[in-house]
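First the structure, in the form of structure tokens, and then the observations on it.
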Amino acid sequence: MLPEIKRSILSSLEKSTMYSLLKDGKRIDGRNFYDIRSIKILPSIIEKAEGSALVYLGNTKVLAGVKVSLARPFEDMPNQGLFVTGAELTPVASPAFELGPPSYFSIELARVVDRAIRSSEMIDLEKLVIIPGEIVWMINIDIYPLDDDGNLIDASMLAVIAALMTTEIPKAEITDLEKGKVNVIKDEKRPLPLVDLPISFTFAKIGDYILLDPSSTEENIMQNRLTIAINNKGEICSIQKGEGGGFKFNEVIIAKNIAIEKVNEVRKLVVNQLAKNPRGPNAWEYI
Amino acid sequence: MLPEIKRSILSSLEKSTMYSLLKDGKRIDGRNFYDIRSIKILPSIIEKAEGSALVYLGNTKVLAGVKVSLARPFEDMPNQGLFVTGAELTPVASPAFELGPPSYFSIELARVVDRAIRSSEMIDLEKLVIIPGEIVWMINIDIYPLDDDGNLIDASMLAVIAALMTTEIPKAEITDLEKGKVNVIKDEKRPLPLVDLPISFTFAKIGDYILLDPSSTEENIMQNRLTIAINNKGEICSIQKGEGGGFKFNEVIIAKNIAIEKVNEVRKLVVNQLAKNPRGPNAWEYI
Amino acid sequence: MLPEIKRSILSSLEKSTMYSLLKDGKRIDGRNFYDIRSIKILPSIIEKAEGSALVYLGNTKVLAGVKVSLARPFEDMPNQGLFVTGAELTPVASPAFELGPPSYFSIELARVVDRAIRSSEMIDLEKLVIIPGEIVWMINIDIYPLDDDGNLIDASMLAVIAALMTTEIPKAEITDLEKGKVNVIKDEKRPLPLVDLPISFTFAKIGDYILLDPSSTEENIMQNRLTIAINNKGEICSIQKGEGGGFKFNEVIIAKNIAIEKVNEVRKLVVNQLAKNPRGPNAWEYI
Amino acid sequence: MKEIDESKLILIDSNGIRTDGRRWNELRPLRIRVGILDRAEGSALVEMGKTKALATVYGPKEMFPKHMANPDRAILRAAYRMATFSVEERKKPQPSRRELELSKVIKEALEPAIMLHYYPRTVIEVYILILQADGGTRTAAINAASLALADAGIPMKGLVTAVAAGRVGDQVVLDLNDVEDKYGDADLPVAMIPATGEITLLQMDGTMSSDMFERALKLAIEGINIIYERQRDALKRRFLELKEKILGGEFYASRD
Amino acid sequence: MKEIDESKLILIDSNGIRTDGRRWNELRPLRIRVGILDRAEGSALVEMGKTKALATVYGPKEMFPKHMANPDRAILRAAYRMATFSVEERKKPQPSRRELELSKVIKEALEPAIMLHYYPRTVIEVYILILQADGGTRTAAINAASLALADAGIPMKGLVTAVAAGRVGDQVVLDLNDVEDKYGDADLPVAMIPATGEITLLQMDGTMSSDMFERALKLAIEGINIIYERQRDALKRRFLELKEKILGGEFYASRD
Amino acid sequence: MKEIDESKLILIDSNGIRTDGRRWNELRPLRIRVGILDRAEGSALVEMGKTKALATVYGPKEMFPKHMANPDRAILRAAYRMATFSVEERKKPQPSRRELELSKVIKEALEPAIMLHYYPRTVIEVYILILQADGGTRTAAINAASLALADAGIPMKGLVTAVAAGRVGDQVVLDLNDVEDKYGDADLPVAMIPATGEITLLQMDGTMSSDMFERALKLAIEGINIIYERQRDALKRRFLELKEKILGGEFYASRD
């Protein structure tokens, strides 16, 4: 109950004070306009998933899990494995989310993350083929926000790339090539073949100010948002403008430049966290 | 916005004047009781569909499109191709239609059209078989009303038969009879095998008057409707009474006789329009 | 209309008088606390179903029907036939039921009945295998309450076991073992192989009183219910507590003991009714 | 699992006898019971041959959501559903497009008979469950539903009565069974309010000449008149039964 | 039934000519008609090459259920749907996740242009049906929708205009067709309110360098300015047409 | 991809040791954290062995649509869902019939503990997400949910505590893991309000003799008493934590 009290008291301060703070170049939580909140990544946290990660972006928490299974490839892409991205926005994360059929935002969230992975060609799909045209690995990525304090898109993106980086695929032995039969050896595993690490940056526009990584307090009063994902080569690999309101040409260029400027720092942070943070089920102790 | 203004002004006149006009044997748009509004047919208007037609029945506009694909026949009908009729009543055509699951009327509309085609045996389904019991052509007919000024059933029926008359089926070469494999040659096409041309006639009952081809103004105050479809031999091939209210025995007989009397004239008109009207995507110029 | 009048007059009496009756060890319909209402079973009442029964439990009426079809077994259970239990709670039985997606109670009802059949291993699923791993019989059991005067769980359970006892399976001749093809001979039938006959007992708690087989009047004021099913060996084969409210440890033990005490009497009654009652479509005369 | 070889099928033999022993103008055995359920406000079971239709009625009752109510009259809702085991191959419980279309035409067949304007802002609900389907389920459904409405005390201009006529070869036949429906040449279900002569349901598939259609429609109306008498008898029995119960003190109301 | 062998596909030939004969900075043939439907309050058909988008508008009208209404402004609803036969392989009628995402971004592209605060507690509805899809359906949809809004007399800051730019190899191209969309290297759909310079839709998939992105975005804006002129012309024609009809007495209102 | 050959499976070895090293009457390692989420009004994570259940609570808040509200008391809603990756084979996101049944029995297990009559016309919502499933998810869910209710400050008669007992051969065992649940002989999940002795959830599948049932039920209640102590400790820690935060001035309210 206490967080709500906290929030309602805040909200009276909020709207009046936020604009005056912004005028002085400050944000309500003390950050500068282009600062990202602290990132914490707990990898391999779900043993039954082939890959998983819990990501903190400030107080926003997102859990992503990966399941791997055998599937038939698409007829026109016999030499490519498959991946599917889903997002479940349950009321666990926010009273604004409802059970029932997927909301527009949950569909957008899943598709934006999916596009960044697809455009950057992060996963080497050809290495997921077992028998061309017959059997390939299918990678199911599912995003579960647990606590929404703003910027679910970037937090989900981080959780998904971290989960994919922890994913292991079992060995598949072909037992009957003609009939397309395969034997799965669960104990022999190899990492999911990854060739890129796209990072997304979401900007909010409030009045004429552009802020990176908005908190939920900032999202409440923003007019619109812009997400830009950058791949390993420093290219843009996905863009999504969201909510009503519009961006000026210059604002888009600024956001793009900031994203390119920040990408290496964030990518390094992700890699470091995955290397150093406790892995496995006991990581829950750290929550 | 203007059509609504027009309509609201009309509606005050409408209800009071329509009955007095009917008493004098006249309809609000000047037609006699058994007159059909002008029919215009624009064939092959969607290039990506294997068959299509846009039909004007007065101001009512219905677009029908046909897609052709390979399918497995029903087990108990190994020697018959398949066809499926659907109707999408979107708010494009009328504020009375809603997005979401199909309404009762959209289901009725699709099924009434489907029954007339099926009962008249319009499509020679045996000629759609490629490998008996294994592969046949499936014909998907979809009805999209674009502008509802009344009598969607007859307009849809016209659009569907016109779309079927423009439909072409690609050649299917059997490459492996045992495994049921088939190669589709898109460039070699033949017309869909048709053996009948059913025409439907919808009558509205207003007070004790029976009117053919009701406009939306007339539908607003009708008690009920009766649709009768007639095949090439002059036989009845489908009937559907709709809405509350009832018909007297004699009224049914009159409607049936009118339908039989009119059918050749309408059928000739359809054939003529298909022959003379501009075909292909540029036909949109004529809208 | 009259039953509603009756009910509304009752309901004023009801709540005030029921408790004082219970204090004297009596129920509103004259039964003792652990009395079951009269049971009538009309077997094989639907000719098109492979098995069926209409059960009266007092005024509660439930129809269960069984359909038998060929299916593929689950991959990890190649030597077991399949069965699926469904319950359709339509407004036919009660104004409290609605059309639309299955309610929580209809899911619970189906699953409780299903678990009792499954746990008691009532159906010998291995005898339903035609070709191991390829083709087995699937048994679809569907429950349709027709008149809800309380305790639909026990009435449904009775209807289902009676329907299964009347079920006959056609002969299946293997025509092609390799391709898994089978010929069904509808005229040669054998009974469904049954090895147990679970009986369920549902208790309502009203105040501190525990009543067996509640009527709808009693259900209206009960706090919660407890269902216990007993198999042929006198073992408990399923339990389900339902509705809010709680049971004391002792109350659970009492209910369990009553169920075990009563089971043979009820099981005998079911067998007798199935033997002596008119079978077949004319049984409807007896309704 | 196809059971009938269509080519060998003889629907009417050389003596004019149909597959179930009837002549062209005979109805199937008809059984009617009214008020057989306690919980529903009105109920009826109608059997036409092997076809069994159970109908229940609730209302008039308050309409939710309120903005959907009609300020001038009651709204009638009707749902037609088939039990999963009512047919040869199990039907899925989700309503098919056919069941939804029949729900609509059945509603429209009953609507003209009911005094809906007596009960503005309310809803009257009719639920029909087909327990067994052997041809003519929509007509059995209408016969059962109008009796259930009467049993529920809903004021009506008259009962609605229904039966199908059809064509087998060059023969007009009455009250088609399942085989005649599937393998015959035309099916013409008709519902009427005999008290007013209004035809409230009329559908046809298959083909019929103009002339044969008139004969078939007349035949259906003759059948309707016979069934109508049987409906009235069943209602009378029901009301006598109720009268006895009330006088006999079965209702608590009469205890005081 | 795959039709195109990707390896052999040349999207721009050695003379700089694209598969449909255009140069890198050329739009496809554009056809615009406003007010072509009678029943809708506003309507427009926009064709960009073979892509055909039909938009209709209703409102402002009362919002149900009432507790979903906004006391300060109108709510905008937008639905984007594709006809089943608009694409090579038949699309199922149920909306796909793609159609739902596009409904959302199209709504958000139109929203900033509309004076929603003029009409508190109401709803304005935009429906778009793609009759044929050949690349750029979302941008055609936005062009059609903003004209339909104007045709319906909804007050706006300005029209919303949209077109995609993209990348084929190391070349920036304007207004991608279906083949370029599928086999090109990046797609950048853009919507703008030319009157204010606000970009109201911006999406991208594929990859682009920072520099090329700026060039592509500028190219899209140039295309938008051309289309915007054409939209304004079409609107003017529509209003002249209406004026003539009214003066010509086609409307009953002018009969008195 | 079946992983376990049932015939070779030994659930309890000759020394009475279970597959995960426990004796018959031992609980799995239990970890409890309360108040771990910021956005929810109450939250708790309960781990029983590898099973992880996260619960959040909102309310009491106004009920929509209003005609569904209860004028005498709050309505409790509970939803139990499993993450797609919580199990061996990916679960589809749509709720299964099992998840819907468990939502119902969990709601009914919690209901008797809550002072619903304090808050007429409102709704209290409980959402449970199973992050990993390894047997006993419904009991872990109840343990987490009742802590989340307490964390949200919802007045209760007492916490609800749950654990399963079961049968493996002729042995009664406590707190079944996934293998014991699937290949054991009976599963008996029990929830209780220890403060009042009311059993609020009781289910069983498999078979048990009358005598063994009594023993299993008693064993479950013993397990419940142990877990209950741990729940109370976790709540105490939570309230101390909050007290510190408030005294430490982390909340804006205390700044004035």
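Letters are used for the chains, namely A, B, C, D, E and F, taken in the order the chains are written, and counting of residues starts over at 1 for each.
Assume a residue touches a chain if its C-beta (ideal position, glycine included) is under 8 Å from a C-beta of that chain, and two chains touch if they have at least 3 such contacts.
Only a predicted model underlies this, so the values are computations on that prediction, with no experimental measurement involved.
**Student:** For chain B and chain C, what is the smallest step count along a path of chains that touch one another?
**Tutor:** 2
**Student:** Quick one: which of B-E, A-E or C-D reuses the C-F interface, over half of the residue-numbered contact pairs in common?
**Tutor:** Selected pair, repeating C-F: A-E.
**Student:** Quick one: point me to the chain whose Cα centre is farthest from that of chain C.
**Tutor:** E
**Student:** Just curious, how far off is chain F from chain D if you go by their C-alpha centres, in Å?
**Tutor:** 51
**Student:** Quick one: report the Å distance separating chain A from chain F, using the average Cα coordinate of each chain.
**Tutor:** 30
**Student:** Taking the mean of the CA coordinates per chain, how far is chain C from chain E in Å?
**Tutor:** 58
**Student:** So which bits of chain B are touching at least two other chains?
**Tutor:** Residue numbers touching two or more other chains: none in chain B.
**Student:** Residues of chain E that touch two or more other chains: which are they?
**Tutor:** In chain E, 65 touch at least two other chains.
**Student:** Could you please specify the touching residues of chain A with respect to chain F in the complex?
**Tutor:** Interface residues on chain A, with respect to chain F: 1-6, 9-10, 13, 46-49, 52, 59, 61, 63, 65-67, 69, 86, 88, 90-95, 99, 140, 142, 144, 146-149, 184, 186, 216, 281, 284, 287.
**Student:** Within their complex, state which residues of chain A touch chain E.
**Tutor:** Residue positions touching the partner: 75-76, 102, 104-105, 107-108, 110-111, 115, 118-120, 224, 226, 231, 233-249, 252-253, 256-257, 260.
**Student:** Can you tell me which positions in chain D touch chain B when the two form their complex?
**Tutor:** 2, 97-98, 100-101, 103-105, 108, 111-112, 186, 188, 192-193, 196-210, 213-214, 217, 221
**Student:** So in the complex, which bits of chain E are touching chain B?
**Tutor:** Those residues of chain E that touch chain B are 1, 3, 31, 33, 36-42, 45, 47, 50, 52, 54, 56, 58, 79, 81, 83-90, 93, 125, 127, 129, 131-134, 151-153, 242, 251-253.
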